[in-house]
Every structure is written in structure tokens, then in C-alpha cells.
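Heads up, the next two complexes both have chain A, just with different partners, chain B and then chain C.
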Partner chain A sequence: MQAHRQMPRLFGRGALALVIGAYTVYTLGPFLWLATMSVRNTGEISADHYAWPNPWRWEQFRVAWVDSDFATYFWNSALVVVTAVAVVTLVGAAAAHALARYRFRGNRVIYGILFSSIIFPPQITLISLYQILVDYNLYNSLLGLTLVYISLQLPLTVYLLEGFFARIPQDLFDAAKMDGYGDIEIFRRIVLPIGMPAIATTLILNFIQLWNEFLFAVVLITDPEKRTLPIGIRAFMGDHFQDIGMIAAGVMISVIPVILAYAFFSEKLIRGMTAGAVK
Partner chain B sequence: MTVQMTSAEAPAARASGAPLASGFSDPRRTSVPVLLVFLLPALLVYAGLTAYPAFRTIYDSFFTIEGLERIPVGLSNYAALLQDETFWVAVRNTFIWSFVAPCLDVATGLLLALALYAGVPFARFLRIAWFTPVLLSYVVVAILWMWIYNYDWGVVNVALRAVGLDGWTRSWLGDPNFALASVIVTHAWKWAGFNMVVCLAAIHSLPSEVLEAAELDNCGWGAKLRHIIVPMLKPTLLNLYVLAFIGKMKVFDLVWIMTGGGPLWATETVSTYVYKRAFNWNTFDLGYPSAIATVWFGVVCAAVILLNKAFKSKDRLEY
Partner chain C sequence: MAVVQLDKICKRYGGAGPVAVDDVDITIGDGEFMVLLGPSGCGKSTTLRMIAGLEEISSGTLSIDGRIVNHVPAKDRDIAMVFQSYALYPHMTVAENLSFGLKRRRVPAVEIERRVRDAADILGLSSLLERKPHALSGGQRQRVALGRAMVREPMVFLFDEPLSNLDAALRVNTRNELIRQHHRLASTMIYVTHDQVEAMTMGTRICVMNGGKVAQIGAPLDVYWQPADTFVARFLGAPPMNLFTLPVASDGERIGGESVGGPLSRWSEAARGPYVGREAIFGVRAEDLHLSAAAAEGDGGRIRGRVFAVEPLGAETLLAIETEGGVECTARLPRDVTARPGELVELHFAASAGYLFDKATGKAIPADAAVGGVAGRPVLGTMQ
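On to the complex of A and B.
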């Protein structure tokens, strides 16, 4: 009887390990494959798509960075994303603080309106934003794209920060008021420092989502000089479909900042991304 | 927007009963200007870059717009939409994707979470590793999977040839019968980790007595899953389903880069079709795509509200 039960146990363990191993290969395998291709040139890749890099051609990255314009795309992306993230986090944090802390008529209505746009399909604003940006001479400009990105991430920012700010104990605010802090001072000297963990989570999350954004960039930017990384890679791929090694190097350049952020803040990121779903 | 009480009124309110110690105003109320300082930037961003464009798209759907020329056409864009076969193919594809694929995502996520919960070594590392695809951009995922599906040297066909199933090899994205399924698999690859993390968090927050009791009763994993874990996780699973559903109703990037909606509209989604009609075809009319966007906006909102209603009421019956 005992042996009988042990058998399926062992079998179950083995099967479990097999499934876990297989799934890990399935998630990480493609990425590692990409990484090996990024340090091989296209000739070597064509000879064998699955060979180990030999030699490791790190100059691929230099070529992609300098000769294939990925430096331009990278800095455009960095400029747009960093500005948009900084602004949206500040604007969103201020709104989240007001909504979480103060009682006033219409509070929940404003929160609901700000938050509900999270489910909007992007096309509902996309076509008009294109026309509006054309009207205001912001079409095909990084400033226009930055403004649009601020509005894209606002609902999520307000949602995440409101949830966190609402849990800061009221006593802290009462004490601050007694000490004569004004409303703005309370926000700057209490909410922002105490809310730092949540703000950091929001920052990283917004960064990654905007860094990866494609649809609005492809509609609102046409000038090759102003392309961000996702549309730059896509355009490069359109022109050099066969140049797999160079595409892989470009893709790696776009992925590295995300992987770095993930390596340092994996727990924060996972928590931020799933905050809306965990009940 | 009106503000119920200003700080000037607050002391009067307190005099009529609230026993606060000192003469300070109620800290949960503040004046309109202060509220405006905090809220106005966000409201302006929302009004200018979300609400106004959304209303303008709805308004535009009653016009034919070519360049600066706007010709009011009443409801004829909507009438044309009913006759537009490509639109209905796109709707069908998007619905297949939105209703079927979330089951795949959530089931995979739950099974992966259970595998980690079963107490394997390196669970922490695996959780982080499995989550990685969630962070990659659609552009990166699309390029990777175009290579994986490549006819000559893609992993799928190479693997099939290696085990002697040469007959099964095909151009996965070029075959109208398989293109949609292939793209759905790619999308599931990206999102399974997300569902896994949420399920894992939910399992960890289950009351441990219940699971221990099941352990004592010698309840097998299958029975435990069916009778305890799935019913108790139901709110989380349904929530994940709705989230995945919303994501899939909007899906654009992956399809656009991998297949462009082809072959023969086999992977056309509403999003890619709107994009094509607005920016890619030589029709130059922004009114018609606005009508599609408006209809789809209504459909997404209605679907989300209905799903939420349906799932919420069931939850209440459960508990």
C-alpha cells in the first residue's frame, strides 16, 4: 500500500519537474536565442540559426548603434519616455493625493472618470489626436508624442497611487496640520516621502509601458529622425528584412534597459503590473 | 464641480457637535483653490487629450473627412459599416480572440502558479523568469515569433522535421487556417506569466486551514484543484478573464507587425482595420474609421460592463 502510493508521488514529482523545465525553456529559450543571434553576423546566422556564437561579435552593437541609427532611436525614446513618466507621475500623484485624502462632492465621480478611460480602445482617441496634433503643429514632434504619452498613463498612475495614498494613516496628516503645515507642504513633505515605494513602482511601470509603446508612435511620428525605438526597429526590419543579425542587435538594444530595470526592481515591477488584478 | 465645505465653514459644522479638541479645521476638507492645484493638471490632461479626442472621434463619424474638407453624411458611415465584409471578418476574429484566448491565458497561469505552489526548488527564480515575456514590447515579441514560425529555419518547423513530421510543417503565419491561432499562441506566450503571478498571489492568500484540512483528508491534487482551489479563486480568475478580455479587444501591435492582418484577412482585428482605413489605405477618409472606432468603443464598454455584472452577481451567490 505504502509503495503503491510512493510510485505516483515519484512519478508526479518527475512530471512536475519536466513541465517546469519545459516551460522555462519555452519562456526564456526564444530570448536567449535572440541574444546569441545579436552577437553573430547575418552570414553566420544563415549558415546555422542555432549555433553558439563563435566568435562573439560585439561590434554588431556598435554597428547597430552608430551606422543603423539605433542611437537616434534610443535617445528619442529616452527623451520622450523619461519626460512623460516624470510629468505623469507628478500630475497623477497630485490628483491621487487629492482624491485619496480630501472629502468633497464629486470625488468619486472624478476618480471614476479618470480611471474609466483605462478600458478605452485606443482608436477612439487615436484618429482625433492625429488631427489635433496636426492642428497645433505638434504632429511629427517628440513634444506631441510626450503629451500623448502623459495622457495614456494618467489613469493607471492615478489608480495605483490613489490606492496607496488612501492607506496612509490620517493621524499623520492631523499631526502635520497641528504643526502648521499647509496643504501643499503636506503633499511635498509627507505624502511624497511616505508614498515613495508606490511612486517608485508607478515610475518603473510607466517607464516600461511607454518604452514599449508602438501604436501612437507609429501614427504620430513619420520623420525617421524622430522615431522611437519600437517604430525604429520596425522600420529597420521593413528595410532590411534579411539582416537578422543586425535586427537582433537592435532588438537587444531596446530590451536592455527593460531587463536592467527588471533585474533591479523585479518584485516592485511584478507587484505594480499585477496591482489591478490581485483582489 | 462643487466642493461641499470650505475650511471657513468647517468650524461652524464642528460647533454643532463634532468633538474635536482644538480650533484646527477638519483635516479631510480643504478649500477649492487647494483642490484645484492638485486636480487641475490631471483634469486638463484628461480633458484635452482623452475626453476631447474621444468626443471628436464620435462627432467625426458623421462626416466624410478628406484633408480639410468635411462633408456631413449623417449615418451613412454606419450604414456602410453594416455592409463592410472586412469589418465583420475583423469583428469575428477579434471576438474569437477575446473570448477564447483568455481561457487559455488564465488556465496556463493557474497551472503554472500551482506548479510553483507545489513547492519546487528555485520557485522565486522561476516566478521572475516566467514573468519576463510580459515586459518585452510587442515589437520584440512579434519579431521573435516571426522567426520562430519561419518556414525554413524557425524553431517550430525545425522541431517538426527533427521528429519526422515533415508533413506538418507549414508557413504558420502565411496559412489562413493557422495564422490566427499562431498569433494567439504568441499572445498567450507573452501574457501567461502575468496570470501566473496573480494566481500565485491569490493562492498564497487563501486561508491555509482549508488547504491543510484537505491535506489531512488525503485529498488528491485533482480533487483539491476542482473542489477547493478553483472555487475559492473564482473572483481572481474571473477578474483575470475580464482583464485579458479587455486587452484582446484592443490587440493591435502584435497582429500588425506579424501579419498586417493577413493572409486574406485571416488575422484582421478591428484595431488593425481601423488603422488601415485611417492611415494606410489611399482612401484618405477619416470619417469612416471614426465610425468603426465609435462602434468598437461602445462594444468594448458594453462588454466590460456586462462581464462585470455577470461575474459579480455570481460571486455574491457563491459566498
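On to the complex of A and C.
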């Protein structure tokens, strides 16, 4: 009787495992293919696209890192993205807290303006941003690119965090006030720790988005020494020849920080995405 | 310990906006347990939040121990508050929650540890100090919230409906715990609730609020037996006091008629004089109604009506009837009542059990102190 009842459940679980397995192959397959290509040269890849690496050409990573200036691109990317994400997270959290918690004239107007900047594609700002950077001598500089990245990601960050922070019960703020804490202390000791799942979510999303950002970087940076990783990878693509093996090695290098960031924050990311009412 | 004085306190939202608290005058004595009681939206929580410093006072004066604190920030008023939601910091352990306020006040670490340990011992939290709030039951959270206020050793404790999230059994336990802590600490406590049982059992005095105003202040039994108006009469008591709008006889000695009526012998001729030949509101509590005239000590009044609900509560039975005039009336009767829905019954009450209110203002018409009341019940008009 019991076995009879368990049959549909087992079948359901099996079907679920099958779907998850298929989806994993679907998403992980291209990545593994790219990983194998990163240790093969372009000639080998052209001969057989899907062959197993033989030999394993690890030196491609050294060539990319040292000979093709990937070390420079990597540090440029790291500097720009880490700075931008740090500023976006801190300023975004503070702004979201202010919008969620304080009643002041124009609160919803500011929120509306932020929201409107999310719904338009960022590409429409490209030409004006280019002109502004030229006017302020920030064109072709990492500082200029960092500022652009901050302005690109800030509205969505504020929007996401505002929604989360608004659900933190007012009583917690009142209790902290009664306990003797001022506004900045409450932000630091109450809002930031409680909002950490949401902050981690925006942090990782911003990091991935900016780490892979190509369009603004390619328009606003011309100096080879100031290239970020996505533009660096582009350097392996010529008009008539594409060094697929080196492109794959470059992509693998660029993807490692994203994987590390996700691995580090994934638990908080999932908690942030599934966060219900804050109790 | 402190005296908290509210002098013509008003709270208006947005300048000329709606008035949430209107001209409230309350003096809460040193070590007193004052309960602010009223329905939702009556202004009791707003009043409490103004005392706490969490809401600005639109007008009037708030003083604690003679010091005006209208513009003193919440953190400098030496007040601790227990919130309805407990407001425990979810990312901190119980010990951290308890000590959070003390750390800000630069209390020495040894002293913090002592106070946290003492509060934990008193409230039975010693084994829970390293737990986070999500791992606690509702009752444990409530005790942590109380402990957080206690470790502060404040001049005044404020409670904003702290028991409303607990189940019935736990509510009774925690209520007793709070009463015990009040006796132990002998601190001034101000407690907001909409639950009349909490108010009656916990308060040294009750302040009943309605529509942002104070309806009545007094000792629990005084307010229960001597309601200042029909609102208080209905709000205190479960079931609420039965009220009937009835004509006063031309000789002023009786109110109502055959279906619902009773003598006005408790009121002096002078007191009932203005109402002769006019309508007034007559009230009688559910527990003062009896099925036999003898039980009502004779010489009283009666209410005739058809039973529409019988609610056996075990120890007693509530009998709801509808009078000929369509007014509903509830009696609290012994458990062996045999009346059935649809049956015509007559309920009796003693002359001393009646209340009289002005129809226009709803205010109580004080009875003559010389006329005796029901045993154990003070006479209307003698309230201080």
C-alpha cells in the first residue's frame, strides 16, 4: 500500500532529476567545450572541433597572461570593476535606505527618475557619455570608465535594495533609536547586516555585468594599456584570422573571477533572491 | 523611576492634517503601571510613541520628572520600550540583543555582562543567550524584548501591545510575568493595549482613549463600575454593557416601559429632573441580568425579548436576546440555563444595577451616593 503510494513520488523525482540533468548538460556543455579549446591551439581546433585535448597546451594561458598583456587587462578590469562595484554597493545601499525609510519631499520623484533610467536601454546614453568624458578629460581613462560603470549600475542597485530595505520593519529602527543609536550607526549596524543577502545579490550581479561589459569599454577606451579583459579578448580576433585557442584561454582567464565571486557569495545570493518578510 | 506628565498633548499629521491625539492630559505617578486602553486608531500608540520620542509632539508639554522633554531625542530620555513585534535584531544573538543598548551608552563590559546575566536569570533566558531570534519561540522572543528593556534600567518602561502576538495560554503567563516584574522593579510603566483583560489585570490605573481623546482615567474597577460615558461602558466588559434608549417617565421615577424598563431610584430627583419626559440611555451589565426576579433582589427592572443565541462557555452561559424594539441584549447567566433560541424570556435586574447616560452627550448621569449599590460595587458619582 505504502509502496503503491511512493511510486508516483519516485517517478516525480526521477523526472525532475532528468530535467535538471538535461538542463545542466545544456548549460555546462558549451563551457566545458570552451575549457577544452583553451588548452588546444587553433590548428587542432580547426582539424576537429570537439576532440579531447592532446596534448594539453597549458602554455596558452602563460602566452595570454604574459605575451598578450592579459595581466594588464586583468588588473585594469579588476581595478575598474571592483572600484565601481564597491561605490555602487555603498552609495546604492545608502540611497536605497534613505528612499525606503525617510519621508521627505521628492522621495517618490527621485525614485521615479531612478526607475525610468532602468527601463531605457543604456546604449542610448553612449554618445552623450562619450562627449561628457571628452569634455572633462576623462575619455580614455580608467577613472572615466569607472564613473560610467557606476552611473550604469547605480539605478538598478538602488531599485533592488530599496524594495528589500522597505520590508525591514520600522520597529527595528525605532528599537535601535531607543537603544541610543543615530541614523548612520543604524545604517551600519542594522540595515547593512540585515540587508546583506540583498546587498550580496546586487554585488554579484553588478560584478558579473561589469566584468563582462564590452560596449562602453570599447568606445571609451582606446589606449591598449588601458584595455579591460573583454576588449583584450577582442584583440585575438582579426579581420581574416581568429585565434580561437587563445580566445578560449582568454575567456577562461576572464571567467575565473566571476566563478570565484559566485562561489563566495552564492549562498547569500540565493537567500537574497528567495528572501521573504524580514522577521 | 519617574513621574511622566502629559499636558495638553496633541499630535497632528502634516500641519493642518488629521488630529491623532487631541489635548491629552495624563499624569503617571512614580512607579505606577498605567495602561492606555482603546480600540484601533484611538491614539494610544501615538501617545506612547510621543512619550518615547519616536513621534514629534505637535503641541503641548511632555515632562519626565519635571524636565520638559518635547525636543529631547529618544536616546536621551532614559526610556526603554518593548514593541509589539518585539523588534529583536535578527542578526544578533540574544546576548547581543540584550547588550546592544548598553554598549552604545559606554557601560563598562563587566557591568554589561552582569546586567545581561541578571536579566537572563530572572527571565529564564540563560540557556538561550547564544541563540538568534529566529531560533526562539514567541514567548522567548517576548522575554528577550523585555530583558532588553530591563538591562537598560531606565526611568520609564513603555510597552506597545507586547502580548498581542502570543497565543492565549502564553499571554496569561507573560501577563503574570510582567506584573511580577513591575512589582520587583517598581518602575514607572506605561502599557498600551486594546485588550481590556490585560488592562484590568495589569494596570494600577487605566486611561481609556477614544478618537484621540482621553475618555476616562481611573483604577480598573472604578472605570469598570463607574464608566464616564457610553463608550467606556461598552468598551470595558465582555460582553459589553447593554444600552437602551428609553423615555423617562413623567414622574421621573422609572425609565422605559413593559418590554424594557426599570426604576431610577438610585438617582436623586435633582439628577434625573432634566430628563423627565425625555429620552435617556439606560444601561445594565450582562452579569447583572438574571432569569428570576428573586435572583435580581426584586424591586428592579426587566428586559423582555426573544432568545436568538445561546453560548455555553462551560462555567457560564451567554444568552443573547432581541427585545421588541429590536435592541440586542446579552446576559451572563449560570451554566445550567435551559433557554433555547426562539424562546421568549424575561431578564431581571436590581435597581442598583442600572446606569443612566445623557442621550445627547453619552455622558454618565451620576447616581446619588446616598443610595446603596450592588455589593462590592461603588456607587456612580463617588469616583474620584
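Note that in this section the second predicted complex is superposed on the first by the 230 of 279 C-alpha atoms of A that agree within 3 Å, B and C clash if a C-alpha of one lies under 4 Å from a C-alpha of the other, contacts with A are read in each partner's own complex, and residues count from 1 in each chain.
Following the convention adopted for this analysis, a residue touches a chain if its C-beta (ideal position, glycine included) is under 8 Å from a C-beta of that chain, and two chains touch if they have at least 3 such contacts.
Predicted model only: the values in this text are computed from it and were never measured.
Shared-chain residue A:169: touches chain C; no touch with chain B. When both complexes are overlaid on chain A, the residue A:55 reaches neither chain B nor chain C. Once chain A of one complex is fitted onto chain A of the other, the partner contacts of A:187 are limited to chain B, with no touch recorded for chain C.
With both complexes placed on chain A, chain A has more residues touched by B than by the other of chain B and chain C. By the touch criterion stated above, A:43 is placed in contact with neither chain B nor chain C.
Once the two complexes are overlaid on the shared chain, A:179 sits against chain C while remaining clear of chain B. The contact surfaces that chain B and chain C form on chain A in the two complexes overlap at residues 174, 177-178, 278-279. Residue ranges on chain B touching chain A, taken from their complex, read 1-5, 22, 24-25, 27-30, 34-35, 37-39, 41-43, 45-46, 48-50, 52-54, 56-58, 60, 112, 115, 118, 120, 126-140, 143-145, 147-148, 153, 155, 158, 189, 192-194, 197-198, 201-202, 221, 235-236, 239-240, 243, 246, 249-250, 252-253, 257, 270-271, 274-275, 278-279, 286, 289-290, 292-294, 296-297, 300-301, 304. On the chain C side of its complex with chain A, the touching residues are 49, 52-54, 73-75, 79-81, 83-87, 89-91, 100-101, 104-105, 133-134, 148, 152. Remark: chain A residues 12, 16-17, 19-20, 23-24, 26-31, 33-34, 49-50, 91-92, 94-95, 97-99, 101-106, 110, 113-114, 117, 119-132, 147-148, 150-151, 154, 158, 170, 173-174, 177-178, 183-184, 187, 208, 211-215, 219, 230-231, 233-234, 237, 244, 247, 251, 254-255, 258-259, 262, 266, 269-270, 273-274, 276-279 touch chain B in the complex. Those residues of chain A whose C-beta lies close enough to touch chain C in the complex are 169, 171-172, 174-182, 185, 190, 193-194, 196, 278-279.
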